[in-house]
Each structure stands twice: as structure tokens, then as C-alpha cells.
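Okay, here's the structure, questions in a sec.
Each chain carries a letter (A, B, C and D) given by its place in the written order, and its residues are counted from 1.
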């Protein structure tokens, strides 16, 4: 449809994305960087700290940007990251 | 009719009958027809010349038939209106009298003469004489010809799946023809699917549309190609080769529309169908009644757009395993005989009018947004709420003609539906919330249709206040987001300042942004407002000038649902007639070759837009594939050896016309070449619109400007013409694909030549004018007046010498 | 918010064997991840699962998955698995091994297991070289690649494993890269539910050795090669699925039904015994 | 099913007897590759296994065959393969794997003339040292040598019992003659047979350590699919079965146990046969088909007044060192006839210490004649 959209959706409140809970098992990380590179929302970046294996594990830059696609969980060779829905704020049914 | 008679027509001395038509006072009003007829009788080969009131009347036609027999006429010239209007009529007349229709010629002394020289009877009459003289000159060289028949594929393409496209497709399919319905959006339904109720009957719009939509979806004769675009159209009436780009949905037909995928899709965005007033997910169906019901993935937003499946939530959620990210765009090639263009219209974007604050003030919305708000299936569940606080407004104002009838917005025309739509909307509000105060600010209320006036009265009776005079400005109360409308009540002649909780801009319809693309694909014409131009506003209102193509719905002009459906059925019927015939005759205007002159240079083969020519270098022979030939004649123009010409537009005939023009007072005249489809039609349009311009120009009609060979221009100058005008369709709009590119080249070549020889190249003018650009044509002729006047005798003489060689060719 | 917690897949892994031995960025970890991910999605009965592997980096997988597992001699995983499967057809036997193990020293076992249509599922991590022994050239090393035993560039034509598996009679053949984790997981799920001989190849980057030698110095660089070159061509002609530096055809190439060896064998056995009974 | 097992007297050749013995022992899995002179075992089992619901599979080579029976064994079936010299060599790699992973299984080597392809249809005893030392690394193993068709039957069952008891690959080192010779075999009724099955774990899975031995140094064996979720590997591993590739402790503990579980139980494993040895001054030590010639040679010697006796080795691995030493003490010389260039004679010499040992080699078509052995006895005397 060609029309430009001028007003925000009326139901935007009701369809709030569920909040993400990103779990980092820092010391299991070997620092390959796949999770950072392939996060579609660029939620992660390399941290300054050095972990038990002497690499820089990822850190969460902006938790709110995460939409829980869990690609990081799927592509991590070291089982060092996983994401859950924050139990408190579940998606309201629309 | 017998071979030998054809022979006769060829060999016998031409016996020409000339009929000068008064067309009531249309011609006679500014041209002395009797004198023209008298003049005609003096011309070579003319054995009979008369003027009559209405040559096109039965009486007039019967007269011609009678004369053909009694006076053994073997050529007929009618001087009246544009051949684009009545050539078919008189050709038929000749045929009825046993005369080959290619032995008929017409002089356009109405559109090109009487109507454009209303106040100069003398000049008009002189010009008319020339035009007749030209026609007679050409007529004496006319040859009989047999038209070849081209079969028509009994399949139709309908472009656009709005209510018009749907109706056209259903009608054609029910008649038994295979129909390809191509729709850009994921679902058919178009604008009507988004409207809440229809006027004047107040039917639920989608309720009456949905059944038609599913009929389309299930019809055995309809191939529904949604999310698709026509990417290429080649060929001609009866034989269009169409390429359709089918964009991937990423969801297969196995989709059961259960909606589980949508629940898990992490992408949330504004739903275009609801003008963004509701959200949708990355995988979605635009609306509940969508056809096909198959969901679609918005690949611009999907996390997997880079080809890596990052998110597979929908894949997992889909029991039928209908999600398929491997889908790729596909190009489907179809062969159709006819095409219905039902591409619809866009709505006006009021944000370009700063005074109304649309896009700035939350509570200023468009009538389309209103439709979604008031719709029970819409984002607010049918509650009229205002965006700022989602409260139900107490005072509502409608503003009419937003993007209609206003030079300011660049939309001078009336959008046809807004008045009634607003009246309908005001009644809808009253129905649900009777206490709402409603003000409608208008220019004029146009309630012209069946049942419209009653609806208007009802609205007034129910207390809707109609105020004449649009607000000059809308102001907003920053705190409450209420609005002030300030303007002049042009009836009471007083300034008003009315407050409202919400303002609805009754936006107009405009030509689709992509209609230019469609125009190029199908070589159509558009009017100045951008809507597609019909072949004739009265007599062929749904036909395009290009054979086999028809219009339905708002693509042709803004109209309401009823008119769209009516026009759609008409277009379907027109297309059906062609396909029922099963074949169409193409004009016998294909090339004639003279092998003995051919040097096998291959230039003609190069310039042919249809690849209708093949060259046998050894045999030094060019063969013509007549069915493929479009009949532009650019090959004939290219051939330097006269080995190729176009029948019915032969070099001799055109030269005869040039000579006729330049025989007398050449130095005061312009020899104008117009292409049949755009510039000649444009000249007609100038005439129809009574645009006045000086009488120095004499128009020679060719099918395409590509037919105009440099030797014609040279001959005109060699014979002392003051100026030459070559005009054709805009580049890209050529009705012969791109033949007018050759025109450009040839004119450039001429200009160079003139410069080299110290001639003022201004004397040769090139004009691109569409059929809609009558004014542009008229202006050109006006501008050239000064050129014609300025040119000095020595310049004329110089040109005569420079191009003297052109005279040898005869 | 960020928490330290137990990974949801850790229940499929042997705690005492973690962390695995693989280098940073090694694709094997992703292959393991996808495999257990598939098991998780299938809610797999781990008592029925036997994981067998041969020698090489990926060969360690057997030891990492918390189920019955056996780490065989070099190249023999399929022969061993054949015994396991035939002796107890109730078991789901998965061979997870490398390209060198399965197709050089074990090549013969592979083509015959496939030919017999043994009900065995093969998940092959193809890292284009012998990783564990220090990066020698192998049966899948691309022409002109540099390895510790092809210092002047390999002059051996590599196997097109998809073609080999299809030609040998596999009932399911797929190839993905470690970037295609979702599709890989789905293909593994399909494989686990099929009865006949199945083969899934995963292009698994070996950045520390193969990568270094061939101008792809990190896992990320190898990943971006996968991303750049991969073309999904489901059910296209396996013989055209050769891997080159600018094209990696991926997808599911074969998915057919064919009676498995053990099924035919046990049908025979029951027929024979019916006959015998009649005689008695 | 059992009624399909043979009982009572039958006229069979050695290969067939071996096959029938396997079936009675409870073997339900055979993987092999055709090779003379062991092929009849495969052929016969390809027919018989299905009748008993067992599995016969012909693999692509002997390497695969050996791997397959280890797999079958871990799936809980008693498994066997049969071959001859060249195939036996190919099996060595995975015999090592069977040793390392303590997989019960039986390998029959119907010995023929080597080296290489050698004499496929001729007898030999040239693989007896390979039987012990063929695979790489150190390990204990059990090998039996039948001398008759009846023993082909009996010892096959015996081999399975030993293999199941000690979780060690057990070899039946037959030869072409015993394999192809037709004789009467009396097959006892199943209930009279002593069949031993591997011991199973007595602990719940979470407590189970796949390679934690009992006092007899043999770990109880869980099988795939029983829910123990254990790991086995050819790598050096700890009691849990997990690789420990860089620990010397684990290495020496494991390798020592693999040797000791045979050595320490040798007295229970070793079987031999004494004939007229009590007062013997000359002893013949022989095994396999050669022992039969040796017996008649010894009898002839007695007729000729020479106090000769015969020590027939049934178990050659573990080698019955004590028994040979005992015989050596009481005799002035030992004669060792073998169908090779002197293999087991080295073990005899090692045990006999000072007592002189005379070796008689025989290669090719026939084993030693009694005369040849008698001459040797007389030579000693």
C-alpha cells in the first residue's frame, strides 16, 4: 500500500515484545565472536573483562533490543550463552 | 470482389471523388466549404467534388456509395474531422461500394483547421484547401491492399485486483476465457476492502466484496497472481507476450491460515492495510478476508533477510510446514490476447499542505484512516477514537477537497467520491454516537448520483452542519490536542473559528505513483492529471488507443465503486468481443520491398523495433514477417536506396503531400509531420479544446515519427518551405516500442547538416507531445509563427540549393 | 539483566567431559550444539540413542553426549555401528565423525553401509583437512589448498560428499554449513526420524589450522566465507554440488524411502521361521 | 527356537562343527568375509543364523567384520567372526580395540600356509605368535587349538565361555585340516552344556562405572540401550570410560589390568592334555592337528621301549608355562613339532630352561608323519 504512515498503531501497547533474559556463562566462552557478529539486533558486544580462558566474553549492550530469536544460543560452539523470556512480563494476548 | 477489378483500380487513371463536410457549423462556421469543394474540383484526377452538411450521416455515406458506382470513382477523399474518429466509417462506406478501403483518404479540416482557426475564416479556408490538395495528391497514388489477419489468443490479462479488476476478471472468466489476474499486493481487494461502508446504500463494504474475492480465488478459469508485477509486455493486439514477476511469499499454498506463525513472530510493525493504525507481525495476512488466505513474510523486516535463517520460530510453529525461506522470485511468461488495466488510484497525501497540520497534530486524520477506525474489524474495533487520547470525540469536522479541485495541491480535478464519502461517514458517526456534533467544510457538495441527494438530505436532517468555505488553517491546543479551524464562510461572508476534537481530511484520489511504469510497459497515454487516456472520451471510453488494451476503475479516472464495476464489465465485454472474434486484421501498412534496389546494408534490420525484418546477405534480399511488423515504417525511413517503403505511407505519397503543401507560398508555411498516436492526437485534442493557433502549419500524418526520413525534410526545404516540424510520442512512450529514437537521431543529423551549411537550424523543430498535450502542440505552432515570419528569402533560397538533390528523387 | 546459570542443553552433555577440547571458533562445537538441539526439539528418548564416532577432533563428540557412546578406531565407526544396529535394531545409531575418518580410511565402510541401506545416521563434520593431526590434506581438501602435507597447494581432486552419499544409495542427503544452524537442526531432526541410511554433511570451519593456512585467519572469516558462498539448492542434482571457494551448494538433496537392511533382514528371518514352523 | 539346534551324533567337517558350536554357545551374530579355508563357517551360518533369529552379515572386509562383532557384542549379542591368515592380519587393529574396550567376542582363524596369500588350501600353524602379538600394544588374550572336528565344536563353545567370563577376545586357532576334515561329532543336549554369559552390573546407572573391575579384574558389562549411558573408547580411559590420554597412572593401571586379568586367572583358563607323561623321559609338546601325529608317535615309541609322553596344549595363550616347566624337569628332552618355522617352540624353550628342546618344522601340504616325530623322539633318547 502506497500511503505514508502518519499515526502510531493504536494497539502498540498490547503487543509488547516479551522481555529477554540473556544468560552469559562467561567462563565457558572461547571468544569466537559468532554471537556478537550474527545477532540480528546487535544486542551484544565484546566486553573489556578477560575470562577464565583468557578471552573477552560478550556483554549485553542493550537488553531491550533482544527479541529472543536465540540465534546466539544456537550458534555458540561452547554452550556459553542462552536466552529466556523474562518470566515477569509475559506477552499479553492480542 | 474480382481480381481483375483490383487490377483495374491499380492501372486505371485515378478517378477521385472529393467530399467536403460542413459538420453542421463545426467546419462551415470558419471554413468556406463550398469554395474548398470548388477548389478541389480543379485538382488533377478529381472527377467529382461536392460539399455537404454531414458526410458521416447515412445520407452522406449513401451519396458516396452511389457516386462510386455512377461515376466509377476509384479513389475517395473526405475532408471533415480527424481520421482517428471517422476514417473507419468512410473506409467501410467504400468497401460497401466495392472499393478497397485503402483507396480512401481523409483531410482533417475540423480538428486541425476550423476548430483552431475559429476567427480567421480566410486563413482557415486557405489551409483547408491545402489539406484537401494534400489528400487528393496522396489519394491519386493510393494502392489497394489486403489486410492480413492475426489470430487473437483467447486469454486475458487483468492488471490490478481491486473491485474493478475483480469484476473484469470474473466477467471474462465466466464468459469462458482464461484470465490472469495480477495483483501487486499480497491480497486482492484493493481500496474497497479497506472501506467500512459504501454509499449511498450503506452496505458493509467487505461483506459484499469478500464473496467476489473468494469467487476469484476459486474460479477454474482464473490464475490469480498476487504479490506479483507485470515486468514486460511485448507484442500487439491479440498476441501480447507478458512477463510477470512473482515475488516470493516465503509461505507455500499448504498454509491453512491458522495464524500460529504470527503468534510467535518476533517482528512487530505497522499494518499498511490499516494505514498503520494497527500492528502486524513479520509473517502475516493483511486482513481477515484476504484472498489468497496464504500468509506472507515481510522480507524487509524478517530477521532472515540476509539468507541465513537466524530465527525459525514460524517454521517450528507451522504444522503444515508451509514456511519456506528458499522461495525465490520467479518470472512467469504468459501469452494473452487482451489486457484490462485496473491498476486503481492512490490517495492524496495531505502532509504536503502545512496549514492543516496533518502528521503534526495527532487528531487530524484522513478519510481513509477514518474508514479503518470506524470499521468493526479495524484497529479500534469500530470505536471512533481520536489518536491523541483514544477518547470518543464530541465535535468532529470534515474538510472536503483536500487534494482535489485545488491548484495549490497540484490537483485541479474533482476526485468524484469525497463528497458522498464524507456524507456517508457523517451518517455513520451519527448512527453510533448521535450526539456528536459534525461540521463539514466544503467547496461545493456534489451529490449527482442515484440516491446521493437523499443521503445528503438525510445527513442534514440528522444535524450534520455543512459550512461552505474550506478552513485556511488548523491550529492545535497543545494541551488538549483539540483543534481550531479558521476560515471564511463564503455564503455568510464571515470568518469562522470552529473548535473540534478531531478533524477528518476528505482526501482525494490521484494517479498511482507507478502508473508511469504501466504507461511505458503498455505504451499508453495519460492525461495531464496522470490518469490513463481513453481512445475516445465519448465513443470509446474504456478502450486504450493501443489495440487490445482496456481500462477499468480509477486507473482511468477517479470513480466510485458502482462506476468502477460498471466500467469493469464494459472493459470485459470489449475484450470479450475481440477474443470471441478470435482474429483481428492488422492494417496493411507493412513494408514493401524492392529487391532490385537493395544493397544488403542491413540498416533497416537494425532499426526495426520488432525484429520483423531478416536479411539474406548473399541474395541481397530483405524479407518481412508481416505478423510481427508493427507498422511504424522506420525501416522505410532508414533505407537510403529506396529499396523499402511502407504501404499506404509510401515515399511517393508522402512526397506528393509535401509537394502539395509547398506548391504555393511555401515560404509562409510549415510542413508538420505528426505521428498517429501522440502528436497527431495531441493536435486533435487542441482542436477539440478549441485552442487557437496560427494557420501556417500543414500536418502530414504518419503512423510513427520514425517514418519521417531525412529526405522528406530535405525535400520540404528544397521546395522552399519556411519551416519543418517533426513531432512524435515522448521518448519511452513510443507506440512502436522505441522507433522514435530513430526520429531523434535523424533530426540531430539534419540539424548538424543545416549548421554545416550555414542554415538556421531553428527552421527544423522537433516536438515530443502526448495525445493529452494539445496545449503543448498549440504553443509550439504559435512559437513557430515567429520563425516562419523571420525567415528571409535568401535563407529560403540557400536551403533550396543545399537540398536541391532531394528533388531528383521522384 | 545478565545471570550465571545452567545451560538448557547441559543435560544432554557429560558434565565431567566439559569443556570440550575444540579450539576457539571451531565448527565442531556448533555441530554438537545443533545435534543436541535437534534431540531436545524431538524430546528424544536417550535410552535408545547410541552415538558412535571415529578418530579426529569431531570424534570426541561421542564422549560429550550423555548417552551410550563408543569411540572407535580410525575410520571404523560405520562398521562398528553396523554391528550395533543389526544386533539391536531398536537402537538409533548415529555416527558423528569427520571427513577424513569417514571418507579416507573409512571410505569403504561408508559406501557399503550406504549401499546396504543400514539404518544408520551419519553426521559428518567436514573441516576440509585433518585437524587433530595438525592439518594435513584429506579427501575433501579443495584443489590448491595449502595444508601441512600440501605445502605447494593440493593437487588432489576432493570428494563431493553429497554426490558420493547419494550415489552410494543414501535415503537422505543434506549439506549445510555451521552458519545454517536452524536448517541444519531441522535436517538432523528429519534424519533422526528416517529409517534408512542417512547422511548430513556440515561444513565446519577449522580456523586454527585450515583457516590459518588458507587466508581465513579466524572463525568469523570462515563464517563469512560460508555466508558469501552458500547457495540453498534443495533437491538439485547432487553431482553438481561441488564445493568451491565462490560456491557452496547447500540444502537437502535426497529424501527417499527404501527398506532398510535390518528391516529386510528381520522380515526374512520371520518368513524363514514361519516356514520352519509349518514343517514341524 | 532351541529345537532347531542340533543334538546327538552328526557327521560334520570342522568348519560346520565350529558353526554349530557357536550356535549352541548362544552366538547370535556373525560378521565375516569369505576366505579359504574358513568360508564354510560363514556359508553355514548364513543359513543357520536366520533359522535361530540370529544375524549373519557379510562385511566389506575383515577390518569391518571385526569392528562389527565388537559393535554387536556391545549391543548384547554373543558375536563371532571367522577367517584365515590374511584376514586375521587385517583384524589385528580392531582385536586391539576389542581388548581395550573389553568386548567379549570370538575370532576363528583356520590357519593356512603363509606368508601373504601363501597356500590358501594348505594347513599351517604360522599365526600362533600373531595370535598373541598381532595387535599393537600390550594385552592378554586367550587362544585355543582344536585337534579334531569334535574339538572344533567343543572349543568354540569353550571360547565363548572364556570370552564372556573375562571380557576378552578369544581366538580359536584351527587349521585347514581340522577345518575341512569330516568326522563324527556328538552334540550334547543343550541342558547338558555349560554356557556362561557376561556378568551384568549390579548397580543403578548413576553409580555405574563402565570399566571399574571386580576382584577378578573383570568389570561387569552393561550394554547399549539398557539405560546406563556409558562411554567406551579405544583411547586410554579411566574407570568411567572417559579418555585420559596424558596420565601415566591411568595408562599403567589400565594396561596392567588388561594383561593381569588373563595372567592372574591363567590357572582357571589353561587347558591341556597329558598322555603317558607320568614316567616319561622324552616328552612331545604339540598342539592342533600335529598333536594327533604326535600321539601315535609316542605310542610307537613306547612299543619300541622308549618312555615317551605327550603334552598336548589346548590353550596356547595364555601359555601354560608351569605345565611345560614341570614336564621339562622330569624329562631329558622335549620334542616340539610345529607346522611353521618354529614359533611356539620359543615359549617351550623359555619354560624348559636347561632341558634340551628338539624342534621339528613341517611346511606345506601335510603335517608331520608319526615317523618323523618318532625319529625325533629316538634322537633325544
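Here, a contact is a pair of C-beta atoms (placed from the backbone, for glycine too) under 8 Å apart; a residue touches a chain by one contact, two chains touch by 3 or more.
Computed from a predicted model, the values in this text were never measured in an experiment.
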Topological distance between chain A and chain D, in contact steps: 2
Per-chain Cα centre nearest the global Cα centre, belonging to chain: C
CA centroid of chain A to CA centroid of chain B, Å: 53
For chain A paired with chain C, centre-to-centre distance based on mean C-alpha positions, whole Å: 30
Whole-Å gap separating chain B and chain D, where each centre is the average of the chain's CA atoms: 98
Where chain C and chain D are represented by their mean Cα positions, the distance between them in whole Å: 37
Residues of chain C touching at least two other chains: 179, 182, 185
Touching two or more other chains - residues of chain A: 38, 71
Multi-chain contact sites of chain B, meaning residues that touch two or more partners: 308, 310-311
Touch-based graph of the chains, sorted into line, ring, star, complete or other: other
Chain C contact footprint on chain B (complex, rising order): 306-312, 315-316, 325-326
Of all residues in chain C, those that touch chain B in their complex: 41, 179-180, 182-183, 185-186, 227, 230, 232, 234, 251
Touching residues (chain side chain C, partner chain D) in the complex: 14, 16-17, 46-48, 50, 52, 60, 62-63, 66-73, 76, 79-88, 90-91, 108-109, 112, 265, 268-269, 272-273, 276, 280
Contact footprint of chain C on chain D as seen in their complex: 3-4, 28-29, 31, 50-51, 53, 55, 57, 59-61, 63-65, 67-77, 79, 93-94, 96-97, 101, 224-235, 240, 242-243
Of all residues in chain A, those that touch chain B in their complex: 1-12, 15, 17, 38, 40, 67-69, 71
